[in-house]
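Structures are listed in the sections that come next.
Next come two complexes, and both contain chain A; in the first it sits with chain B, in the second with chain C.
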Partner chain A sequence: MNNEIKRELSAIVGERWMLDTPNELHVYSYDATPLYQAMPDAVVMPASVEETAAILKVANRHRIPIVSRGSGTNLCGGTVPTEGGIVLVTNRLNELYEIDQDNLTATFGPGLITAELHTAVEALGLFYPPDPGSMRISTMGGNVAECAGGMRGLKYGVTKDYIMGLQAVLPSGEVLRFGGKNAKDVAGYDITKLLVGSEGTLAVVTEITAKLLPLPKAKQTLVAYYNDLTDAARSVQRVIAEKIIPATMEFLDAETMRVVEAYAGIGLPLDMKAMLLIEQDGTEMQVEQDILRIAEICRREGATEVRTAETPEEGAKLMAARRAALSALARVKPTTILEDATVPRARLAEMVEQVGVIANKYDVQICTFGHAGDGNLHPTCMTDERDKEEIHRVEQAFQEIFHAAIKLGGTITGEHGVGIAKAGYLDLKVGTGGIELMKRIKDAFDPHGIMNPGKMFAKDTRRRVVVNTHECGHKHG
Partner chain B sequence: MSADTNMANGGGSNLIQLLDKFDTEEILNCMQCGFCLPSCPTYRQTGKESASPRGRIALMKGVAEGSLLADAEFEANMYLCLGCRACETACPAGVPYGSLIETAREVAEQAKQEDSPLRDFLFHEVFPHPNRLELLGAGLWAAQVSGLQTLADKTGLMRILPRPMREMQSAVDTVASPWARMQRESVMEAVGEQTGPTVGLFTGCIMDVMFFETNQATARVLTKAGCEVVFVSGQSCCGALHAHAGEKTGAVELAKRNIEAFEQAGVDLIVNNAGGCGAALKEYHHWFHDDPAWQERAQQFVAKVRDISELLAELPPLVFAKELHAKVTYQDSCHLAHGQGVRSQPRQLLKSIPGAEYVEMRGADQCCGSAGIYNITNLDMSMEILDDKMKNVGRTEAHYVVTSNPGCLLQMKKGIERAGQQGQMKAVHIMDLLADLV
Partner chain C sequence: MNNEIKRELSAIVGERWMLDTPNELHVYSYDATPLYQAMPDAVVMPASVEETAAILKVANRHRIPIVSRGSGTNLCGGTVPTEGGIVLVTNRLNELYEIDQDNLTATFGPGLITAELHTAVEALGLFYPPDPGSMRISTMGGNVAECAGGMRGLKYGVTKDYIMGLQAVLPSGEVLRFGGKNAKDVAGYDITKLLVGSEGTLAVVTEITAKLLPLPKAKQTLVAYYNDLTDAARSVQRVIAEKIIPATMEFLDAETMRVVEAYAGIGLPLDMKAMLLIEQDGTEMQVEQDILRIAEICRREGATEVRTAETPEEGAKLMAARRAALSALARVKPTTILEDATVPRARLAEMVEQVGVIANKYDVQICTFGHAGDGNLHPTCMTDERDKEEIHRVEQAFQEIFHAAIKLGGTITGEHGVGIAKAGYLDLKVGTGGIELMKRIKDAFDPHGIMNPGKMFAKDTRRRVVVNTHECGHKHG
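== the complex of A and B ==
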């Protein structure tokens, strides 16, 4: 990218917010996904939709890749600028414009931190349910672009179930609005839903209107420990079969429990095979009733110990430990690779067992935890990026895990998105026809292919590519 | 790493050795999850990844791998960090950020090679020499009492001092006179029967000049708590400022001197009243990786180190002679809270004061922006962080903002002045407050 273009960008956002020094480029060359890194040519931090539109016009005119970025916490390489270009950081677009208590909606900029939205609406007795484990850091724009899920997905759904309206800027610089505050709205294609989960490959989201619910009055947490994996999985199925939908049903395997315990020190037993962490919310009476019945079902299905959190604080502590599971696993070995292969709930135990078999076969260490209630598992491999031979085996193991998930009627990713990490596996799920249609949709939005190029659709190989940092600074313009 | 990156980095084999200093294992342990981002004051102020813990670690990795230069930009980014270590508390992966940033600064310093004369003078000629500090203290006292300072203020003489020094000097109280300093006895006996341990007080370098009274107050509180207090001779600066500023060799020398001095004194415990020094004293054993004999001695030293609040929590409760009818709040010292994990003890002490009403401050464990000499080296960022902090301080409506570290104390004084709250609230060191009441 030449200096002329950089000057154009500087003129739009102001010098302070156009960064291109070696250090600044370096820190936007990665995200939370291990093993991927590539240098951008410039980083811009716009403060308004007008600035964003002007940036896109420049990029479109010069055919420069644009990578939108919230907090860079995604786990699929979604914000790694593999083809160089401009990283557009949204964290200055973080205003909470309105909480509309009559229509039960909130409208805000994409840079707003998820947890801050929670705090603001909860102060008014309202509720925004999606709660990704990263919510203290992730932005709402990132949540929308990845269609982030969370621990409350079972009962409340995921991001797409709450996004009612969006303002977005196309590569042409055109600013469009889709959806809005109408509870019912079938005017044309549902572009709002299409943009949710589009991973920054279609447009830059600049404003979001989300649906809110009344905040549930009560909440209780229950934990059940198992000697046997299948008992735990069967408990999950039975609870739902008995027509109770808990807000959360989380699963941790033995290895994950051991590591979380070492980090959080909350007294998890270290001789168990699995644990379930179940939370119910609602009216006080309903919660009490449900938790009693869930406890009963867990015991009946073979739980060796079932405990209800005495206080909300104790419950919150248990949930916080689950939230930290992934990061705590990082203590075991330097490189932590996490995937989110997902299967229909009823196949949970089979999937967990297969992961175990596959890990053994390739002699790699994989811990599994996840959202048992919705079949969304996070097989997580602890490895060392310096050991190229092992990394190769890890790749093979994950490839087999994806195939296993598909065979069980599942999918390659439940909530983290395709990005570059799973681009090579997308056809397993949607087929060649599906990919062709998706590409035609992308062409309609982004004819010059500048929006997060290289993401979602694989160029060729079906491998996790270790990008060499010395060769990654592609030059454009 | 290619040969030309090497050259560009500023020199041959020296540099390779330097890069070896980075414990790549510890750098790789950062999984880039970003959990540390919201806890970092400089990230909150700027919104820039380069001003975040995750960003700084990525830059270190870049330098260690040879894909980035340890140049002026790198140095500036490393020094924009306050070293408050809030990120360490937040990090679930257990990345030892505090030691990584020290190494990074060391690498930056050595790569730079041309040192600043003022820095050199401070680190080599002032901090390590108690007698020179003594002289400095006497000079400062003379200037303050003779009104020279007022004169200097009025005539604009102060303007020839660099702006950061000028900004901060308004927060400094009159230091103790040389005469008062000479009055100090080398041992203070327990009041009544000695029921507690014999304690060697770590007096610190700047601490003992600018906050002589606080050291005396600490000793008095300890004697009231049944301890015998020894002012161990031969001790010196803890080395924290050196270590944080990338002067590892100097830091290690000072550590050796302290270990020797306290070994000879034969005290039961080594007590300090400065969160920053305390954190360094407790890390001495990490400074001797390649020297087993000294590491062993350091370990024994470290086992005896306590922060004053930590020790008082282990002893029978203090007996108060007076009541305090005021609202009191507490500003954590980063190196005490995040570095040493001492959070509840000072709060308990404050809550135990009869008559006092304790109010917890929102974000009390967020750095105030003082951070060693950060408020001198990065004045603007420091003041931005301080002004944010003062909003939370103001909300407590406290009469006393209590601190556990001299740097934080100065900063809070400055903050009160900037917020125009001089009439309403006062910043005090926890020991100065307690000594008046027991």
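== the complex of A and C ==
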């Protein structure tokens, strides 16, 4: 990228907010995904929709790739600037404009931290349910881009279910508004929902209006331990078949339990094969009733021990242990690869078993935990990226896991996104016809292909491309 | 359309299912929307996805308009074949393939009647919430095309919130699958949600997978009468601000009450200015508590009478009276025009007042009822299409109503769709930039523009085009 373009960008955001020293660029050369890294040519941090539009116009005119990002907590390499260009950081657009208590909505900039939205609305007795693992640092713009999920997806759905309105900037610099505060709105195609989960490949979101719910009054946590994986999976299925929808049903396999216990020391039994962590919320009475029935079902289906948290603090501690799973696993080996193959919940036991078989076959260490209630598993591999031979086996194992998920009626990604990590597998789920259609839709937004190029749609047929530092950072403009 | 093409169509579906006599064509020249009518050239009724694909290929090759429809209960002229061509009737694709009790999903053809889906799933203790007014005759394919709403939208959302997977045929004849049974799935753009509400302008849906909920165990109905419209609107607002989300909050103004009472004779007081009909569902205990608190709020906010239905039968009777509103109003004058301008719920009182002012200004009779809880009003005009001068005033009044809704942060259509009736107003909500983007998305699906042409996007700037019988039916192919 030549200096003339950098001067144009500086003129828009001010010198302080246009970064281009090697050290600064390095900070934006990676995200939370292991194995992927590439240098951008410049990093810009707009403070307004007008600045965002002006940046996009420059990029569009010079055909420079634009990778928009918040905190970069995604796990699909979605914000690695693999073709160089401009990284557009939305963190300064972090204002919480309004919590509208009459319409039960919140309106804010994409840079707002997810947990800050939680805190602000909960102080008013309101509730924004999506709670991705990264919520303490992830931005709402990132949650929208990836359609973030979380532990409360079973009962409350995912980010898409809460986004009612968006302001977004097209690559042309045109600023458009979609949706709004209306509970019902069928005026034209639903561009709002199309943008949620579009991974920065269509437009840059500059304002978000989300739906809120009343905050549930009570919450209880139950933990069930199993000698047999299948019993745990069947318990999940039976609870739902008996028409109880808990807020959360988390699953941890023996290996994950062991690692979490070593990390958090909360007294998990180490001789068990699996555990379920179940949370129900609602009115006090309803929660009480549901938890009793769930405990009964878990016992009936073979749990060796079922325990209800005595106090909210004990419940919170158990949930924190589950949330710590990724950090705990990350300590085991230098490189942790967390996937999110997802199946219809009735196929959960089969999927967990197959992950075990595949890990053995390729002699790699894979722990499995995740959101059992919605079939969203996180097979997690502890490996070392410096060991090229092992990494190759890891790639083969995950490839087989994705195929297994698809065979069970599942999908290659439940909540992490396609990005670059799974671009080569997208055809497994949507077919080449589906990909062609999606590319035509991308063209409708982004005719010059500047928005997060190389993401979602694979450039070639090689799967799980690993991009090395300094390898990229092409010169543009 | 020449006979050669008709023979091609006959060869696909069989002679019996290709209709082209004037009497047969007349049946498919209109839908539930008053004032719009146009003759198709042929009507075809495929029995499979393969036949549907073959029909689309023929139409695409000869550039013949395709209007897909179920029972035609939409209220936006969405299935009137204004440019002639083929009406593709999906009613034969009406099989209920599966109710999956483990994954809480149902899979069926687009021709399935909405109420039949309700009955089938409720027999298993499950629940498909969307309940559009036309549910006894509407098809699920039509519900998907229009993103149908209904009385339970406040608590349970609309059709879009329940559609998890679709099989659809592109104009090219390509058969694609989107989504599925996974509670979480972010593999690529969400084409499923894009197709819901796309009004037959993108593809023909041939199979639908919908999400189900456990059927609530209990239900109670409350009715509140008001001397003052504003008190009723404020009651709605207060209930929600106090964190109660009822399943249904319906509003009827004085004129609607009078007309419904004359029709149904259920003892509505005729000296009141407004009534609210509120239903809550859930566990028995919760329903009891909520209804008590709602009654208290309504009284506090000025209701002159608040009554809880003593028995489920009484509750059902009250709800049936509300459901009869349209039929009751339709008896008053030869032509009934039902609109669905929608505002954020906090603006409800203002909107109802403005409808009154506008009706007076243009000296037209407009009753207002609708889904108060989600701000989705149905200003309904009783008129006579033979009185051209009055119809002109009606059009002016509705134009002003749409502008008023937009000014209050609302939308031109909450649940009826754009179709042809509101195509001229779409720019009020989404702007010309939004329309241009949507047209480019349409091109991505339908490059030759054969899918329901003239709908959603206005062909010219004249608003509320009235198409007369026999005026259309252009020759194609």
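We adopt the following convention: the second predicted complex is superposed on the first by the 475 of 477 C-alpha atoms of A that agree within 3 Å, B and C clash if a C-alpha of one lies under 4 Å from a C-alpha of the other, contacts with A are read in each partner's own complex, and residues count from 1 in each chain.
Here is the rule we go by: contacts are C-beta pairs under 8 Å (C-beta built on N, C-alpha and C of every residue); 3 or more make two chains touch, one makes a residue touch a chain.
This is a predicted model, so every value here is computed, not measured.
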item: Partner chain(s) touched by A:G375 [first = chain B, second = chain C, both, neither]; value: second
item: Touching partner for A:I441 - first (chain B), second (chain C), both, neither; value: second
item: First (chain B), second (chain C), both or neither touched by A:P65; value: neither
item: Chain B versus chain C as contact partner of A:A183, first or second or both or neither; value: second
item: Greater chain A contact set [chain C / chain B]; value: C
item: A:P129 touches, of chain B and chain C: first, second, both or neither?; value: neither
item: Touching partner for A:G142 - first (chain B), second (chain C), both, neither; value: neither
item: On chain A, positions contacted by chain B and by chain C; value: none
item: Of all residues in chain C, those that touch chain A in their complex; value: 100-105, 125-126, 146-147, 149, 153-154, 158, 160-161, 170, 174, 176-178, 180-191, 193-194, 196-198, 213-215, 237, 240-241, 243-245, 283, 285-286, 289, 340, 342-346, 371, 373-376, 409-418, 422, 426, 429-431, 433-435, 437-438, 440-441, 443-445, 456
item: Residue ranges of chain B in contact with chain A within the complex; value: 25, 28-29, 31-35, 37-38, 47-50, 52, 55, 58-59, 62, 65, 67-69, 71, 73-74, 77, 91-94
item: Interfacial residue positions of chain A with respect to chain B in the complex; value: 19, 21-24, 26-34, 45, 71-73, 89, 91-92, 113, 134, 136-137, 263, 324, 326-328, 330-331, 334-336, 384-386, 469-470
